[in-house]
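Below, chain A partners chain B and then partners chain C, in two separate complexes.
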Partner chain A sequence: MGPELVIALIAGAALFGVGIYGALSQTNLVMIMMGVELVLAGAMVNMLAFWRYLHPDNPAGQMFVLIIMTVMAIEMSVGFGVAIARFRAKGSVEMEEAAELKG
Partner chain B sequence: MMTAQMFFIAFFGLAAVWFGIVVFRTFSMVRSALALLFSQTALGAMFLSMQAEFLGVLQIMMMATEMSIMAIFMVMFMMDPGGLGEMEMTHQKRLSLVTGFVSFVAAVMIAVFVDWGPMANTFPDAAQQTVDLGLELLGRSMLIFEMAGITILTAMIAATAVAIQPAKKVSQ
Partner chain C sequence: MNLIAIAILAPLSMALLTMLLRRQPAALALLGAAAGLLASLGLLTDAFNGRGSELILPGLPDMPLRLVATPLTALLSTLVAVVCSLVMVYAVGYMKKDNEKVRFFATLLLFASAMQTLVLAGDWILLLSAWELIGLSSYLLIGFWYSKPGVKTAATRAFLVTRSADLGLYIATFILVTSAGSTDIAATLDTRGGLAVAAGLLLLIAAMGKSAQTPLHDWLQRAMAGPTPVSALLHSATLVAAGAILLIRTAPMLPPETLLVIGIVGGVTTVVTGLMALGESDLKRMLAASTSSQYGLMLVAVGAGVPMAALLHLIAHAAIKSSLFLGAGVFQHSRDSTVLDKLRGIGRDRPKIFSGFVLAALALAGVPPLSGFFSKDAIIAASMNSANIWILLPFALAGTLLTGSYMARALRLLWQGNGKSRSVDGLAWMGAGLAGLVFLAIILGAAFPAVESLLGARLPENSQVQFLPVVLGLSAALCGLALGWFVPVHRLLGPLLPWSRQGFAIAGGFDNLIIRPVFFIARTCEKLERLLYESVLATGRAGLRLGQAVRLNDEQGIDGIIFSFVRCMVNLGGKARTLQSGLIHKELAISIVASAMILVFMLITLLVYQ
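Let's look at the complex of A and B:
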């Protein structure tokens, strides 16, 4: 097992951890989305490292990275749509004030 | 022995993580968006260090655009975008810290202790990688690729529909 793979996986793990912290701790919708972006970035690093160091002959690994980029773009577009709707309705995107969404 | 590739992967990985932490440590929302931009750009540089030229450039270009848009939204939606009031915008801090740390440690344990098998000896050059990816996208993975495109289109329409201002009813 090569050290490059382990270094990349540790960087991915750190991005994942920081993203989880951000998504759980922030009260603003846009900041929560930033946390989710970091989580997805961590997943992307892992995918690319696996492809590069274990199966470079199989382009499906790169395909997975493209799919994660797509998920990031979708998350941003839908998230901002929801943020605009929320801001228009309540004048704020603070999630502390969105208690009515609780089940 | 530390190779140049190993050094650059570690350097850009560290930069990506550091800027990721800065995102949640600054009071200024514009700085937050810029820190995320730098984090994602460092990630793109990390991809380039791993010799994935196409994906590295794609990551840098896509994230530069995405984060610029995000910075505009931050200024629009935040009560104190400059962070001059040093408003506290966090909750359940201890739980978040513990969960983030536990996820990090669990992922590191998996990365270090799992036997990932033999490392690949041969590696296609940049041109061959792009050819392979193109053939993959328009061959075996075409359905997934098309689905991704349709999903983005649907998300764009849905986001516009959600965000559009409802027409005011005219009272008779």
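Let's look at the complex of A and C:
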């Protein structure tokens, strides 16, 4: 286990932390989604680092990351669709004002 | 089909048809009565030819229901059918203006059918049922005009008196059936000894109730509240006759002691009710008292040991008394009253009807050659031949004398004086019924020898003094007629008059002697019953309380526990719901904290198990 792996893991953890901070600190739906993107990106960096430095001969790890990226794109498109619908209906995507999902 | 069945079912089916169709009741009634009459005549012809018939119906186990046509029952059945038919003809005219003809004729037909069953019954069970049926239908008929004042009381009184006396019949039947081991009437007639005495006395009680003998005679006069055809039928061949028929049919069984009691009861009745008839101020009530008196004479004949004489008098009396009542009914319609004072002079207004009435009255008094003469003569002869001649003969003669007096008095009151009659509808029908019965009342005497030979029982003939009963009876009758026609009643009865008007206070004394104690017993029973009722109620209430307690326990105990669980879950759900705020940040934060906790937990697990 070389230093590259540790550096990559640290970078992933940093991305994860920034993402969480962003998701929690921002009130705009778009910004929250960007935070979530960062969290996922951090996770993917971790995944890729483990694959690249521990099992580079197994392509499954790589494929898995590719699938995650596809799912992420789909997720984002759905998320932005929600945001647009919300904006059209309420004129704002501020999430502090949106408590309608309360059970 | 058996003629017996037709004789009974023809009136009954017509009664049902009348109730169903609710139109043309008179025509249906005549049809039913005529069919029954034909069947009865067929039975009588068979009996003359020496052929009896029998109809056995399945009844209780080992106790089939029997209907038999012996000479006696066939004769009685014919008598009932003839009188019913002629009264039915009369009733067509009498009820012309009544609005409830359907009910009237249907009940009348039921009555006729029940009476046919009674006379043709060959076993005690059927006899009892028919006995009850005629009681019921007579109650319905006496109470026919139930909206008039006093009618309901009269009907109830008639029903209750006869019904209480019927208890005698029930016990007698029980005794006879258990001792003979069969319900067949003919088989039970072999009963002898103490049981026969007891059963005979009990039968006498039943007969006293139905035939209105002293001291149970009061109801018959009150029963005059019913329509006149009903009175005619009740008094001649049906209800009242049932008592005498019962005694005539069971006469072979009755021991001498019982016969003596029967004779005395009959004798007392004939004198007491004869005096009442003499003092009576109402025509129909007078005829009713006379009926009791005549049935008293029949009981004297039974008591003298010659039921044949009683039967002859029953037959003659049926024709005579129904014609008298039918005549009285015409008078009633003409003057809207039956009070003798209001009927004065009616004889001149309705000469044809009155002549029929006179003929019947003379027949009842015993004037030859009318039918009543022969039967009265038979009764007097029977009492002279009896062992108890000195008890029974005076009664028979007094009865004959009184009969002549009260009939002559009635004729005098109806003939003399003035009144205004109004025209009557349906006189032709009434006249036809009356004419038929008067004709029978006149000629029936000629048929008596045939009846005697049919029944195979000769009247006792006293060879030495054969003319004596005739002379005695005729002189008593003529004396009575002369007294009644010429001597005013207040002089005839003297101080007895107010007494006789009150029925010799027997009804009142009856109240004190019997009704008060009975009422007392009834009241005590009622108290006892109330007590029982209260205790039953209290038991019920206690049970109810117990049930309520159990229910409370169930609801608040077991159900309470279960419901408290349910409430707990509901509250928990409510609490859990508050976690969902709908705010994205809050939920994100919660999920991050939760993930962190899971991570920490996994780390600890890893460290501990490594």
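We adopt the following convention: the second predicted complex is superposed on the first by the 103 of 103 C-alpha atoms of A that agree within 3 Å, B and C clash if a C-alpha of one lies under 4 Å from a C-alpha of the other, contacts with A are read in each partner's own complex, and residues count from 1 in each chain.
Keep in mind that, in the parts below, a residue touches a chain if its C-beta (ideal position, glycine included) is under 8 Å from a C-beta of that chain, and two chains touch if they have at least 3 such contacts.
What you see is a predicted model; the values in this text were computed from it and never measured.
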| item | value |
| --- | --- |
| Chain A as common anchor, with chain B and chain C clashing or fitting | fit |
| Contacts of A:I32 with chain B and chain C, given as first, second, both or neither | second |
| Partner chain in contact with A:A60 - chain B first, chain C second, else both or neither | first |
| Touched partner set for A:I20, first chain B, second chain C, both or neither | both |
| First, second, both or neither for A:A98, with chain B first and chain C second | second |
| Which partner, chain B or chain C, touches more chain A residues | B |
| Closest Cα approach, chain C to chain B, once both complexes are overlaid on chain A (Å) | 7 |
| Touching both chain C and chain B, counted on chain A across the two superposed complexes | 20, 24, 27, 29, 96 |
| For the chain A and chain C complex, residues of the former touching the latter | 20, 23-24, 27, 29, 32, 95-96, 98-103 |
| Chain B-facing residues of chain A, complex | 1-22, 24-31, 33-35, 37-38, 41-42, 44-45, 48-57, 59-60, 62-63, 65-67, 69-70, 72-74, 76-78, 80-85, 87-88, 92-94, 96 |
| Complex interface listing, chain B residues touching chain A | 3, 5-6, 9-10, 13-14, 16-17, 20-21, 23-24, 29, 32-33, 36, 39-40, 43, 46-47, 50-52, 54-55, 58-59, 62, 66, 69-70, 73-74, 76-79, 89-93, 95-97, 99-101, 103-105, 107-108, 110-112, 115-117, 119-120, 122-124, 129, 132-133, 135-137, 140-141, 144-145, 148, 151-152, 155-156, 158-163, 165 |
| Chain C - residues contacting chain A, complex | 577, 580-585, 588-589, 592 |
